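Here chain A shows up in two complexes: once beside chain B, once beside chain C.
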Partner chain A sequence: MQRRKFNIIPVLFLLPSIALLLVFVYIPLIQNFYNSFFDFSVFSQTKTFVGFENFKNLLADKAVSVGILNNVKYAIISVILQVGFALVLAYILEDKLFHRVAPFLRVVYFMPVMISISVVALLFGFVYNPQMGLLNSFLELIGLENLKEVWLGNPETAIYSVIAMSQWHSIGFVTLLFIVAIQKIPKELYEAADIDGAGKIRKFFSITVPQVREAIFVNTLITITGSMLVFNEPYILTNGGPGFSSTVLSVHMYQTGFVKDNMGYASTLAIIIFILTAVLALIQIKLSRTGKDD
Partner chain B sequence: MKKFIAIFMTVLLLALTACSSSAGNEEKKSSDKDVVEIDFFHRWPNEPRKSFYDQKIKEFEDANPGVKINVNSVLNDSYKEKIRVLVSNDDLPDIFSSWSDSFAENLVSSDRIMELDSILAEDSEWAGKLIESQFAGFTFDEKKYGVPFTVDGKAFFYNKEVFKKNNLEVPKTYKEFIAVLKDLQDAGYETPLVEGLTNAWAISHYMGTIFQRVVDPAVTAKDYNVATGEFTDPGYIKGLEIFQELTDYMGDLSTAIDHEAARNMFASGEAPIVYMQFAEVKMVEDQGMTDFGFFDFPEIEGGKGDSKALTGAPEGWMLSKNAPKEAVDFLKFLTSKETAYDFTKTDGQLNAVQGAVDEGNTSPARLEAYELVTNASATTPWFDNAVNINIADIFMRGGQTLANEQTTPEEIMKEVQAEAKRLKK
Partner chain C sequence: MEQVIKPSVEQVIKPSRKLRKFSIGQFLTMLILAAFAIAILYPLLWMVISSMKSYNEIFNDVWGLPSTWIVENYATAWSKGISGYFMNSLLVTSVTIIAVLIIGSMAAFVLSRYKTRWIDIALIFTIGGMMMNPQVALIPLFNILTNLDLINTHWALILTYIAYRLPLTILLLRGYFLSIPKELEESAIIDGCTEFGIYRRIYLPMSVPILLTTIVLTAFFAWNEFLFATVFIDSETLKTIPSGLMNFRDALRTDWGVLLAGMVLASLPMIALLIFLQKYLVQGLSEGSVKG
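Our next item is the complex of A and B:
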């Protein structure tokens, strides 16, 4: 009898978070869907219903395809470097050889994460400066003048310059997550492998990688959704330019909404971003079957 | 013990919040009785203008004991965003600064801005001192909605020393201008003309002037209006070609720097010519460069527009529809000859009040600029303020890609025409 009685206490505890989520996440999300069928600006509060017009415009909008492509480039490079390379880096740092210097190096790699992204972007603006920038000066110093480039002004290199900065900024964070995961691996596994005569590379692939599978999944998820939502880096560094060459979806959305005052179309762009990230997250969750015991 | 501290802290916290809220209420009450409050909103939280306006507010309050001015200020881009929010509800400040043309037009379209014709007509002594031509950007449907205060114009700044050394004359026509740029390039200047093309607005300033010179004014008047715009005139393609030709002299690096860097290059003598606003004269002077002159964008051969017009637009003040009578007095105070004279002396920027700029409060270079502004046959608004932002954006981004030779003027115009058609609906 006691069990069947409806227990209000847990519901009460959940209520605040549900209310907050509703007000700040779900209601705006639904409102955004609604807005995407209208054409309106912030000045005039009247909305004109345009049906699927905004969605049709998406297909003709060059900036959208360039933006998606740039987001994909962002994701691919970020996964290779922030998941692949960071895992190797973490493994090296946890190796006995580096036992002494590892704490120091960990701080070194983690330092950029603690700097605000706006500051980092301004700094890299100087690094990429064509006249007195560090990068071009360095290339000159080591005799590679012919590789000098107007990094942010050239449409071919602008987006890669932005991506490179992003990698520098966040690789330390992912490395740290991997270090924690590697430290949790039971030492016995490595000892057994040593007895079997496995080398360091063999141990990496046969023990470390399978053991940190969960961490790899989480980090891939973070980096890919992060790449789809990236805004600060291209916005501050290039503002999407020159032309649209380094724009990404969120920058395009921001400019459509708050610069060009085209709120309806900006809502449509927001939906595209939402769908892309949601689908990617679903695929990854399906693929790696987390949450279930092995 | 722990419990005691916790209770103590809670009581303390409650007491504090209670105190502060009651104090706030009292203040409001007393002010409601006999003091008129004016909300004043401007866009200069930076020096020297912030202290200038704080000082002027104090002077006004001392002279008018029954008036209290609540001042608030945020910088440029944030100002644009904030005023947009404020104008969409009833919290619009009583008096605030505004740009002219499309920015002002957007605000006026909210129906919350006071129409000033009768106020201007009533006090002809005050209104007569304001330079009439500067009202154009605040006039919509033949009604004036703003009072111009600062004036500005865009001209090529050139390094007089470099011109003398290379025996160059100030160019009068576009052909001569290109010849000058070529000579400078031959003389070893990698970037005879410099601009920060990462700033889209810098591109729009070029385009606005070029189109004004090349295209028939009747055509631009029709095209710049969203309801009738078509952009089919071949003059636009010619204009973009001219812009592209100019970027050839800007060097690779112009695509990667901002306007401020370009200005610094001019001030350091590295680049001999740059297209800048008169508002920037003081910044160049402060960097130690004093031997420079100006020339308006040269006449383009075969152009259909007025070749003596100057690109530039004033900034000024607007009143909210519900502003009290005292706000009008404050507006008159802000745009009086005395205030304007002090303003130019403190800040350096030129103003739209007659007789408020002379040798006493400005430098010879700025006086020369002032004459260019007041003698211009007409003023052309900034391009990004003159056309719909969606159109301007295509031109501005197009300008960036033109400089990189990634696109052609024809392609840009095709995009513009499509957008104009979409906006017309």
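Our next item is the complex of A and C:
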């Protein structure tokens, strides 16, 4: 009796997960590698084998290098603001001096996280609007008319405007994660530092940073992965434009596949995204399993 | 700049110290905190206020309050499409949540309780799914769903959402399940409890906080997912909120008040859910060290 149960329950319980992952996660991955050697369109069943032609095209495709560069810009700025600035912000909010305003500010900073990115992107369409936009109106209000800009229409500023919106949306959430991590630091460490006469900046670098280093590492990884995958923000705000100045890999892939109907080449672009993110995810999986396994 | 602060015992006890000790550094910090808070609050406030303005008022007087508060914008937004998107999102999100909870917890139960070579392989297989991203699978998934005749149905979203939420869910739940004391189940087995009974009567009731975290994360993902919702659903009547809003924007053109009202309506359920379950979300996230 006991033996029979031990054999059947694990299989029954695991089956749905394994089946779903196989059909919708792993098979698509393999199929994507296969597709990247072919030339085909959405509704045609005929695929023409082209070998490494799609991969060769990557090198000649300007939008790829611009896209990757934009992904990297996204990652660098996001790490500085969502890891660096958010950590400082969390440290300040946990400081006794600000304990009266901290609960209120925590809620305020967290608010954008509650709003869907598609709503946020539509809202920032109004913020960046060149005629009536909040940003330009504000610059006019404080007498900086000369800084007014067609934020999303200028190839120089488009990608940075998109990145800025992402920061607005996400800083509060990462700050909250850091607050949780800082609250776990034993109070004695800070008390000992007080006795030694350490200042706040010194305490930040000597106690807070080393104590939350695991959270810093995880948040950095997740932020970089997110930056490599980003789609919604540039797609909704600029659709990669003007030209392809604000495109990123996933927007370029979407347009190649579903707008230009060049599925084989789009699959090749997907492989680039996969390679860029899989390594980061692997590190993250390894990390989150330590300590949980016996 | 703040090196001077060395609170003695006396200073820590005295609550009035902050008045005396307000240095320039603190003042500047406070200023930055306030500026950041305004930068976040103002656009949101603007969205709510402007949702009750007319197009002319939004365009010509960005900062002003509406001369008449056009509350009807909300009724218009609701009847012009938001209600349909809203119901579709509600359906897709609820089915996804329920399925992810049941399927994910069953897998996590087995993966935390058994130890064989096959279980190890299954563990790597399920959690390894985290390496895959929806973007990468987009084109093959489109083909697979077309072949299964599921494209342009809610199932296209529900099934893929479940599949892509399972790895993280299983990772979080398994971590939590491992911390459940073995003695409990041993005594349950002695009392004649079956495996299924241990899962349903011990593991599930003891894991409410992490199950709630899973609900929030899954709800948030399914409610906001944009890429699949845009590519897999073509019919206007089947669209969920994120992709529907884009149609809504294009259809309304300059009816900005109504668009903004629709955006506010689209945001309400997640705000309510997050306020309601915020405590568990933070708790679960800090235990799993994962960001949705």
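One rule holds for everything that comes next: the second predicted complex is superposed on the first by the 262 of 294 C-alpha atoms of A that agree within 3 Å, B and C clash if a C-alpha of one lies under 4 Å from a C-alpha of the other, contacts with A are read in each partner's own complex, and residues count from 1 in each chain.
Assume a contact is a pair of C-beta atoms (placed from the backbone, for glycine too) under 8 Å apart; a residue touches a chain by one contact, two chains touch by 3 or more.
Quick caveat, the model's predicted, so the values are computed rather than measured.
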- Query: Counting only touches as set out at the top, which of chain B and chain C does A:F231 meet: first, second, both, neither?
  - Reply: second
- Have a look at where A:G153 lands relative to chain B and chain C in the superposition and call it first, second, both or neither. first
- Once the structures are superposed on A, label A:M253 by its partner contacts, choosing first (chain B), second (chain C), both or neither. second
- Item | Partner chain(s) touched by A:N239 [first = chain B, second = chain C, both, neither] | first
- Query: Is chain A touched at more residues by chain B or by chain C?
  - Reply: C
- Pick one for A:S65: touches chain B only (first), chain C only (second), both, or neither. neither
- Message: For A:Q131, using the defined touch cut-off, is the partner it touches chain B, chain C, both, or neither? Pick first, second, both or neither.
- Response: both
- Based on the superposed arrangement, let me know which partner A:V42 touches: chain B (first), chain C (second), both, or neither? both
- Following superposition on chain A, which residues of chain A contact chain B and also contact chain C? 42, 131, 258
- If you look only at chain A, which of its residues touch chain C in the complex? 5-6, 9-10, 13-14, 16-18, 20-21, 23-29, 31-32, 35, 42, 89, 92, 97-98, 101, 105, 108-109, 111-119, 122-124, 126-127, 131-134, 137, 141, 168, 172-174, 176-177, 180-181, 184, 194, 197, 199-202, 214-215, 218-219, 222, 229, 231-232, 235-236, 250, 253-254, 257-258, 263, 266-267, 270-271, 273-274, 277-278, 281-282, 284-285, 287-289, 292-294
- In their shared complex, at which residues does chain B touch chain A? 81, 84-85, 87-88, 106, 109-110, 197-198, 200, 252-257, 389-390, 393, 397-398, 400-401, 403-404, 406-407, 422
- chain C residues touching chain A - in the complex, by the definition given at the top: 1-7, 18, 21, 26, 29-30, 33, 36-37, 39-44, 46-47, 50, 58-60, 62-63, 103-104, 106-107, 109-111, 114, 118-119, 122, 125-133, 135-144, 159-160, 162-164, 166-167, 170-171, 174-175, 178, 194-196, 199, 223-224, 226-227, 231, 241-243, 245-246, 249, 256, 259-260, 263, 266-267, 270-271, 274-275, 282, 285-286, 288-291
- Task: Would you mind writing out the residues of chain A in touch with chain B in their complex?
- Result: 42-45, 57, 128-131, 150-155, 238-239, 241-245, 255, 258-262
